[in-house]
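The next part holds the structures, each set out as structure tokens.
Both complexes shown next keep subunit A, but they swap its partner, so subunit B is in the first and subunit C is in the second.
The block that comes next holds the complex of A and B.
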């Protein structure tokens, strides 16, 4: 076995090395940078000036737009997440209940994930929500709700919800696929036995399906959290040139601080604060990961 | 297991040592040698080759890029031994330029917006005063500084740290009202409005003729409030307003007056009914398809929506009108340009500047203006027909407003102002609510 261990090390080394260079170094540099003030992301370290935790304090006490962006993603995470998970679980339970054309429906629901986020977002913004000829307004007009059809769904009052619905709609298929695969992995005997004992669809779903795919749900919550924390493309489609209160996300805010405003360089850059945003977001994900691991610790199953 | 770790550690240490050996150099070395400081570079003897690298803010599918490439190839043909390598970086250049230069890549020429180049990239650029003083083959024996628009030179100076001239302007724009001349003619509007009263009169006539006078998009709508305020209070007030932490400036009567002006436009039904919810470029498309008449935007709008309008669209333009009791009139607007800059470490700055002159004068200046439906740089070049009215506006400009007159110059307050202008234009809030909302957002 001596030889194979050497081989093992040789084979692992490139991956470990790549990780250290491509991930660990930037992580350490970003964390370090978050305690300094600097203007360019590539500025030499001797030009950085140490500011301690000031960047973090600035973010949470003097940057209403950042606080707004955190509020936006928290609401997307919670409200949008609840919608996405309930819908995906419901659809996956239906799709695995032996209905016909399962593959077809699965493909249709997954389809939005195949289309690029920018194309999807543009479709929602410029077509679905358009009060002149959009899908929502056409449907409402057809149903006779003329007044309601005039609603400007992308105006400041509604744009956050417009964004959340559009984004969540596309994400259902992604989680559906994971849930369907997980449910398919549950031995069929369990359902059969339960059915013979008189369990209905809901009994089977809540007593067998849900506990047995809890581990997958945990993974999905982590994936959802990472996706929401990295919320960028959709925000940019809804406010393409400059961040707005209803659609701003922390990553967009960070981008603006690090690279300057998109439309004109009217905004002072501060890479240190940008790095602090990155660090805060990472902590957010770590907390979610820890919390879900703790909550779901009892649900490990092996067949 | 111990052995496994020691082998792993050995392999890692070897790799790290190897990587460290190469660390002073960039991971991706420049296509050519790293830039040498100008003073140490050997002057090329006749016949020696000069290799320049240009990083462009354009994507190669854009008309600007296509004309620039032809112009550059023409320059190469006229200057044997000179080769220019182009990287069509597109707007990604905002992220990629600094790291590339910091890591020693050869980038001799680059371009972006005047403010960005002079302020954000000010440490990389070469002072060009002495090159502006010289004459070139395409300047007819006149110094370059006397050929190109003086406004662009003062604009460049206004953004540089020491007031020096570091950049070469091209693709100028002014932020003014762009409108459909056919609608104006149909409504019986004989001349473009110069005062706010004339503007309101034009709106009324358009409405009576069955046209929707005005629209905007979320990204530009703040300009209506900002420029109105600037006409009343001057170029700097907007910037002071959004950066005043006490919020006291929001109580200035001019703020309410500017808000009232927009409120009145909404109340009179001059705004398109979708103006509040338009996400760029929805409002622009309404102009293109002839649903709406006027849109406050850069003169670049002609090129930006050319795909929808076609070249025959009856474009007209006029500056934001003067407001009674205001401190500045139609001689003031936000204007700017893209600029070229030369890296201060460029080995051949003379040749690089010659290239920039070649691109911004004579044949290529004209071609760039025609193909991109933009504004030419040299005073003698013909303007595209779509911008014929904009020429008069440009010639009258003497006062520079900042972007949207500064009302978005604060990262946190800008979005608050913008969304409240949207709501004001949609008639969802009153001018008083607008002021109160913005004040509480500071």
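The block that comes next holds the complex of A and C.
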């Protein structure tokens, strides 16, 4: 087909324009902003005052809540991530082992991903973890652990783990879907040949499945990192009134700092610090992207 | 694969694990659903239906607690935005997957890279931009925002569908004197329909459930979509102690995507795994 420059522009320009307005321009401006001090996000650029790397230093040395929030998402990334990946891999191995109702199980496990995070979070906080009529306490009562059943699971002592488990529970389904599709893509003769040679379920899983879906695991690690860095709705649902140590995430911290009404009184409002939070989170993702590219570089497969 | 009884017995531990997980999911959702037809007193006493099945919670949530308003807002945002996204993304996806030109690969990578960008990186300048355009506190702002942030994924997703269509269609159209733009809208778009339906379902779910952006940009109550509305409602119900009403609100908010999923789960699952990456 004949193509002209005008025609190309008609097809592509609107989408590229949205990219420039909603992504490129804001990203550049946020990075720039992170080196300046400004009181309101709507302040004109000529009123910003340059402070160099001071915003970043403030974050790491004078903002205990920010440090706590980074520690929270790092632990969710590591501990929750380990749980999510082990569970998703185990379930994908089970679902691809030839069991019945595979599609049904898969659909149910993925379900939390289509429901609003606020609705999901509310179900966990108000029902699953409720010490009066909640699921956990009912099960504990039934098993005879009357004392344990009274535990306030969303109290400061336990809220971090309560949050991490609730969040990770939903994410299992997402990665499960990707892993199941990847395993279904492995030629069946590989497994058959191994079975004939006497390999059992575990041999097959560790020697064939895992190396062949390594590339997908890597993609999922990057996706997991992006999801954890964006952590917001779940924190808000678990601590709706003000940020708490156990649940605060960097995005919540930024939100309170820039838009919040109950500002942490010790810190003077500086939107530049909020921008710096964004930059540190981007670096978190970039480092993980680079590291996984390096670690998984040997695992490119083609059938 | 061998599905004989004996081989299924060996898979028993697997069945049990997966089944337990599914039962947990059903119990949680089923209980919330049941509680939404109960009364707060009965929920606490443990005998959910002591006072029978109560529909009043829904009536109260829908009318007295503004859920109807949030719901209409969400409908408006979601439908306007998915139409806008499609209008902008489909031609671009088509051109990128069909034509060889300088910068094609760069544009593709540009769109893909946005999927790794934390949303916190874009919202501060966008807030300033919308304020200077006097668009804050208008419904347009959220619609424009939702269109812009969902374009990259939609382009990326649709490219795969246009790539698989045979170029013979366009050649035939060109011989008949049909211009490229008309060819695209009347011939290629209908052919890519399966992809368009799938990506539209994804965009529906994403925009319906969106929380972070609307929390920041829709500060006025009458502009709020369901996710933010539900959040505010849960807070107030903590003080009023209306638990049954709160669970009714939760059900109203999750029902649209839940029903969509019951009917279209196969399509949604195929979409997630078909090279696309979005939850």
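As a working rule, the second predicted complex is superposed on the first by the 277 of 303 C-alpha atoms of A that agree within 3 Å, B and C clash if a C-alpha of one lies under 4 Å from a C-alpha of the other, contacts with A are read in each partner's own complex, and residues count from 1 in each chain.
The rule is short, and it goes like this: a residue touches a chain if its C-beta (ideal position, glycine included) is under 8 Å from a C-beta of that chain, and two chains touch if they have at least 3 such contacts.
Note that the coordinates shown come from a computational prediction; the quantities given were computed from them, not determined experimentally.
Participant: Under the stated touch criterion, which partner chain does A:42 make contact with: subunit B (first), subunit C (second), both, or neither?
Facilitator: A:42 contacts both subunit B and subunit C.
Participant: For A:195, is the partner it touches subunit B (first), subunit C (second), both, or none of the two (neither)?
Facilitator: In the superposed model, A:195 contacts neither subunit B nor subunit C.
Participant: With the two structures laid over each other on chain A, which partner does A:12 touch: subunit B (first), subunit C (second), both, or neither?
Facilitator: both
Participant: Based on the superposed arrangement, let me know which partner A:21 touches: subunit B (first), subunit C (second), both, or neither?
Facilitator: A:21 sits against subunit B and subunit C alike.
Participant: Identify the partner contact of A:238: answer first if only subunit B is touched, second if only subunit C is, both if each is, neither if none is.
Facilitator: It touches subunit B, and subunit C stays clear.
Participant: Tell me which partner A:126 touches in the superposition: subunit B (first), subunit C (second), both or neither.
Facilitator: both
Participant: Counting residues of subunit A in contact, which comes out ahead: subunit B or subunit C?
Facilitator: Result: the larger residue contact count on subunit A belongs to C.
Participant: Touching A:116, do we find subunit B (first), subunit C (second), both, or neither?
Facilitator: The answer is second: A:116 touches subunit C but not subunit B.
Participant: Under the stated touch criterion, which partner chain does A:260 make contact with: subunit B (first), subunit C (second), both, or neither?
Facilitator: first
Participant: Of the residues on subunit A, which ones does subunit B touch that subunit C also touches?
Facilitator: 2, 8, 10, 12, 16, 21, 41-43, 126, 132, 240-241, 259
Participant: Would you mind writing out the residues of subunit A in touch with subunit B in their complex?
Facilitator: 2, 5-6, 8-10, 12-13, 16-17, 20-21, 39-44, 62-66, 125-126, 129-132, 150, 152-159, 238-246, 248, 256-257, 259-269
Participant: If you look only at subunit C, which of its residues touch subunit A in the complex?
Facilitator: 1-3, 7-8, 11, 14-15, 17-19, 21-22, 25-29, 31-32, 35, 43-44, 46, 87-89, 91-92, 94-96, 98-99, 101, 107, 110-111, 114-129, 131-132, 145, 147-149, 151-152, 155, 167, 170-171, 174, 180-181, 183-184, 205, 208-209, 211-212, 215-216, 226-228, 230-231, 234-235, 243, 246-247, 250, 253-254, 257-258, 260-261, 265-266, 268-269, 272-274, 277, 279
Participant: Spell out the part of subunit A that touches subunit C in their complex, as residue ranges.
Facilitator: Per the stated touch rule, the residues are 1-3, 7-8, 10-12, 14-16, 18-19, 21-27, 29-30, 33, 41-43, 90-91, 94-95, 97-100, 103, 105-120, 122-124, 126-128, 132-133, 135, 174, 177-178, 180-181, 219, 222-223, 226-227, 229-230, 232-233, 236-237, 240-241, 250-251, 254-255, 258-259, 271, 274-275, 277-279, 281-282, 285, 289.
Participant: Subunit A touches which residues of subunit B in the complex?
Facilitator: 3-4, 7-8, 10-12, 15-16, 19, 91, 94-95, 98-99, 102-103, 113, 115-116, 119-120, 218-219, 273-274, 276-280, 282, 336, 402-403, 408-409, 411-412, 414-416, 418-420, 422-423, 426, 428, 441
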